[in-house]
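Pasting the structures in now, so scroll down.
The two complexes that follow have chain A in common; it is paired with chain B in the first and with chain C in the second.
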Partner chain A sequence: MAKSSFSKKSRTEAGQGYLFMAPVLIILGIFVIAPILCAIYLSFHKVELLGGYNLEFRGLDNFMKITFDDRAHIALKNTVIYVVIVVPLQTLLALVLAASLNAGMKGEKFFRIVYFLPTLTSSAVLTLIFMWMYNQNGLINHILDTLHLPTYNWIGDPSVALLAIMIMNIWATAPFFMVIYLAALQDIPDSHYEAAELDGATGLQKFWHITVPNLRPVTSFVVIMGLIGTFQLFDQSYIFSGGSGGPNNSTLTVVLLIYQYAFKSLGTMGYATALAFLLAIIILVATLLQRKFSKEESLY
Partner chain B sequence: MKKRPIGKTILYVVLIVYAVITLVPFLWALSSSFKSLGEIVSGSINFIPKDFTIDNYKQIFTREPLFGRWLFNSLFIAVIGTFLNLLFNSMAGYALARLSFPGKKSIFIIILAVLMIPFQVTLIPNFLILKEFGWLNTYQGMIIPGAVNATFIFMMRQFFINFPKEVEEAAAIDGLGKFGTFFRIVLPLAKPALAAQTIFVFMAFWNDFMRPLIILSDESMFTLPLGLNSFKGQFISFWNYIMAASMVFTLPILLLYAFFNRYFVKGIKFTGEK
Partner chain C sequence: MKLKKVVSAAGLTALLAASLLTGCSQPDESDNSSKTVITLSGWGGNPVEKKLLEEVLDDFEKSHPNIDVRFNQISDQYMDVLKTRLIGGTAADVFYLDAFEAPGLIETGAIEPLDKYVTRDFDVDDFEKPMLDAFKDKGKTYGFPKDYSTLALFYNKKMFREAGIDGPPKTWEELEQDAKKLTKGKKVYGYGVMPQIERLYYMAQSQGGQVITNDRATFAEDRVARALQPILDMHLKDKTAAQASEVGSGSGGEMFGQGRAAMVMEGNWNIPFMEDTFPKIDYGTAELPTVNGKKGTMSFTVGYAMNAESKHKKASWELIKYLTGKEGMKTWTSKGFALPTRKSVAAELGYDKDPLRGPLVKGAKYATVWQDGPMLPIVMNNFNNQFLSAYLGERPLKEALKDAQRQANKEIKVAE
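Moving on to the complex of A and B:
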């Protein structure tokens, strides 16, 4: 008797559980799980979208094509350069800003609010503001000129266009990671610093020998988030170049190339899916490598 | 003892210089939005407009009749999308934390795995699925695929695991069912977690560029980021208009931030602890 009422109760609870989960299960099923399976299928096919679908099985052709597609190489190169430069710089900047803010400064709240503005602003707006400042006779060239530094055609010159996007994005992303660092800094016990002060450590010594090592797990997180974000660079490149990745492919990123192949040229949707998988694998490998390195470091 | 003030001075210099670096682009944009076209074209570098005008803000609505529509589309999609996220993510988080049903563990693992998949992989099939549904250029096409979020399902689960069980037990004794307990007792007490979610989800919808770029081709369905991009193409040298439009687009988020400021840091802290 008791047993059957228990199982009835647990059956009702199971039903309620599924009801609570239903919206999530349906939406994830249709818009995430099914698309992943669909993407695997598409990546082995040539896809024509003319009225209906026309799918032709091509085996690994799409993946092989990546090896001799010049634009894919350029996009990969640009993206890797972008990641390698932006991730360390934005992480370092975030750390320095957080440590400075955390030193018990007056007006901390004010600085916090100011630093947070770029995080709140949309990438479209930020890109437009920077394009206006990067204008040939715009604010940035004017400042450089006043300082007797060389000026550039930031948007039109292939040798600096990607750099222009890097500067903008380091500026825009560092404050977000600063907040993550700030939260972690507040968890470092004061006693660590007090002990170092007794030993006569300077501020900079304390920073290198106490702050930085204590923040290692957070740094690992910040770097991984940075890697994921930078590998997916799209909005800024798209708006900067009007969708072309120009001038002369200098702002072409992997995601922009995926977009172009999928939606702006015919018959290359399957190839675009293959590129998307390549990107997913690159991000996964980069993340795992980062984890491995940060673990090895902590052994010493 | 003497070292300290010097150190602090250096820190203040760092903080102030960086505050200026952060503020200058915004002030420059704001100032440009109040300048006349003549002053914009002349390339003069003054932050205070010579002849201050609010005409640009009027012009963007009259010269681009769809601007008001874009603003509405963005607001509508972001508000409904955020509401659905709050509801669905909390329901799922609660079920994963508190109810027992077969397959719970596998579902939780699948949700965690979803966190790892870059958006670009599902992008192209998503487009095809929405096309099949006839949902391209529709609000539901913009809202439904983003109506749940694995990160926040996970966050709500953590929140409900730490939630005092006694509250629910008391509600059960009072004769409330699971749904009544959840909607009348648990959800109102989850306000801090919901507030943190609100600002992040709202921002993600409001600022999203790539999804609308793919789903929306009909100009009247554009959201503001897309509209802004096409606006830029149309008025390429009218930077006073472009900056005014950018400022209009930024204002709602600033208001939201002012309102939810406290929870914002908490939300980021959570992402950091994940």
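Moving on to the complex of A and C:
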């Protein structure tokens, strides 16, 4: 008897809990869960939206098409190259920036603000400014020229266009992760460093053997956020190429391709959702792999 | 106690939900008067063009007192916005439609065929036939061209004088020779080229090859490659041609205005642009040089089309009829921002005698209209991507075209 009343009580309590959560659950359901399910549903169909809504079941057809769509392969290749280069570099740069700001220099606060500025600027504006700097007669070529280095047609040459976006993005995203590192750095107890000093460790040794291991959970977070962010590269390459992914498909990313299929060409919405689904799986796998290789939980 | 809790929780939830929903109701835009309100969508254009359109719309409203036209400007990504609105059922009643995009949209059934509205006094035969045909599909007309432009050769007279050249080149061979004389290292190029299919379509087909046959890309053949090879030779061998981004310019017109190219092939839009931005440049226009002794140029046209789901089709037709009619078109094209597609209006405004616009008007007779069925956007994208790599000298043209064709046809298959 007592047992059943307990379970009844817990049931009402759970009911109350859900009732309180209902607003959030409803909103999440409508704006997050439902679109995801809808996208998965659409990815198995040929979707004709214009001139009368028309759905035609095609099974795995859309996914099969990805295997012979060259542009999808190019987009995937570009995106993977971009991720492999950008994530490590921006993580490293963020760590170095944070460490230098944590070293106790004069004017630390000033530099903290200056470093953080690129992150505060909208990416569209940043891209436009960078496009001026990347202009054939722009600032970057001017600097390269005065240093007697070769100049490039950054925007028009397929071999460097993606590189130009990488440089821009590393510069713009690293400060954001720098702030996260900075917060974590201030959490490392001084006693660790004192103990190391007593043992006669050099500055570099302290950095590699105390700072870096202590930052591991944060590094894990930074890398995962970086992975997700870089896999979803869109706005910069969209503005850079005027939406085409050119020159010669060199700045075509997966999300840009999805956009093109969903909104530019007619009747390929289903294929676009199949690509989006594939991208979600790729990001999921990459994140799981990253978690497997870094044993972050051990520190918490 | 318990009941109270449940009730209060329920009440709270309901309150929250209600407060969320209140934002969604919209005041109904009801017509109190008997006026029919129709909307017209288009891209902006420059301030003078906008004023001209307002003028035409005012004239229309004066002569049609029971119709109220609202102009809705879509400044960027026009087609994306238009398609999305058509899907959502919120598109304008009448909208601009580029001939290049027309077949794809016509195929979906989102555009109203206009044949049944046309009366004799509208005088369809007055339109330039190639421009009108661009909006036709299976014998039905889905739009009427509001204006057009062909491409003409813009040449810098001062540079020509300095190089000792009498006049603009008449043939492609002359253009190549002149470009050599006009080029000054990497500072000034003889010919500012746009290595893109929309500018070179007539040239690609000049030797009998077809870019598209039966909705499939068929441009990877010798006749197309041979026809386009001169462009690559000028850039790679002679080094007398370059595209705008190579000299740090944003467009062909800008490259020409900045004095970085002595010749460019541009349309009517370049004349007001030069007037506004580079008024000091002394330039002339001429018909494009002949390729293999044949005259050719591109023609770009935009028309007015009607939304098939419009609730005010009669009023919408009245608007299209006025805008593409003799009176409306005359006002619209009077300032020379666009060329009239009606022969009678063209004759009245006398653009064929205008020193700068004359060559553009002459081109209309033999121009290739930039429209080739619903698959052209896909073909264009793939062609341009690969053609660029050949243009940059990364690979032979034939190989690039083969790749582009294979890719385009795969993409067409994906779209089907």
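What we mean here is this: the second predicted complex is superposed on the first by the 268 of 300 C-alpha atoms of A that agree within 3 Å, B and C clash if a C-alpha of one lies under 4 Å from a C-alpha of the other, contacts with A are read in each partner's own complex, and residues count from 1 in each chain.
Assume a contact is a pair of C-beta atoms (placed from the backbone, for glycine too) under 8 Å apart; a residue touches a chain by one contact, two chains touch by 3 or more.
What you see is a predicted model; the values in this text were computed from it and never measured.
Peer 1: First (chain B), second (chain C), both or neither: which does A:N137 touch?
Peer 2: After superposition on chain A, A:N137 lies in contact with both partners, chain B and chain C.
Peer 1: After lining up the shared chain so the two structures overlap, which partner does A:S265 touch, if you call chain B first and chain C second: first, second, both or neither?
Peer 2: A:S265: touches chain C, not chain B.
Peer 1: Please work out whether A:R71 is in contact with chain B alone, chain C alone, both, or neither, and reply first, second, both or neither.
Peer 2: A:R71 contacts chain C only, not chain B.
Peer 1: Which partner reaches more residues of chain A, chain B or chain C?
Peer 2: Of chain B and chain C, more residues of chain A lie in contact with B.
Peer 1: Pick one for A:I155: touches chain B only (first), chain C only (second), both, or neither.
Peer 2: second
Peer 1: Considering only touches as defined above, state whether A:N249 meets chain B (first), chain C (second), both or neither.
Peer 2: In the superposition, A:N249 touches chain C alone.
Peer 1: Please work out whether A:A280 is in contact with chain B alone, chain C alone, both, or neither, and reply first, second, both or neither.
Peer 2: A:A280: touches chain B, not chain C.
Peer 1: Enumerate the residues of chain A that count as touching chain B in its complex and touching chain C in the other.
Peer 2: 15-16, 20, 23, 27, 135, 137-138, 263
Peer 1: Which of the residues in chain A come into contact with chain C in the complex?
Peer 2: Touching chain C from chain A are residues 12, 15-16, 19-20, 22-23, 26-27, 48-52, 65, 68-71, 135-138, 153, 155-158, 243-249, 261, 263-268, 271.
Peer 1: Chain B touches which residues of chain A in the complex?
Peer 2: 10, 13-18, 20-21, 23-25, 27-28, 30-36, 38-39, 42, 96-97, 100-101, 103, 105, 110-111, 113-118, 120-126, 128-133, 135, 137-139, 142, 171, 175-176, 179-180, 183-184, 202-203, 218, 221, 228, 231-232, 234-235, 238-239, 242, 255, 258-259, 262-263, 269, 272-273, 276-277, 279-280, 283-284
Peer 1: Report the residues of chain C in contact with chain A in the complex, numbered from low to high.
Peer 2: Residues 2, 5-6, 9-10, 12-13, 16-17, 20, 77, 79-80, 83-84, 86-87, 104-105, 107-110, 243, 245-248, 308, 374, 377-378, 381, 384-386, 388-389, 392, 394, 406-407, 410-411, 413-415.
Peer 1: Flag every residue of chain B that touches chain A in the complex, lowest number first.
Peer 2: 3, 7-8, 11-12, 14-15, 18-19, 21-26, 28-29, 32, 43, 45, 84, 87-89, 91-92, 94-96, 99-102, 104, 107, 110-111, 114, 116-129, 144-145, 147-148, 150, 153, 178-179, 182, 203, 206-207, 209-210, 213-214, 224-225, 228-229, 232-233, 239, 242-243, 246, 249-250, 253-254, 257, 261, 265, 268-269, 271-272, 274
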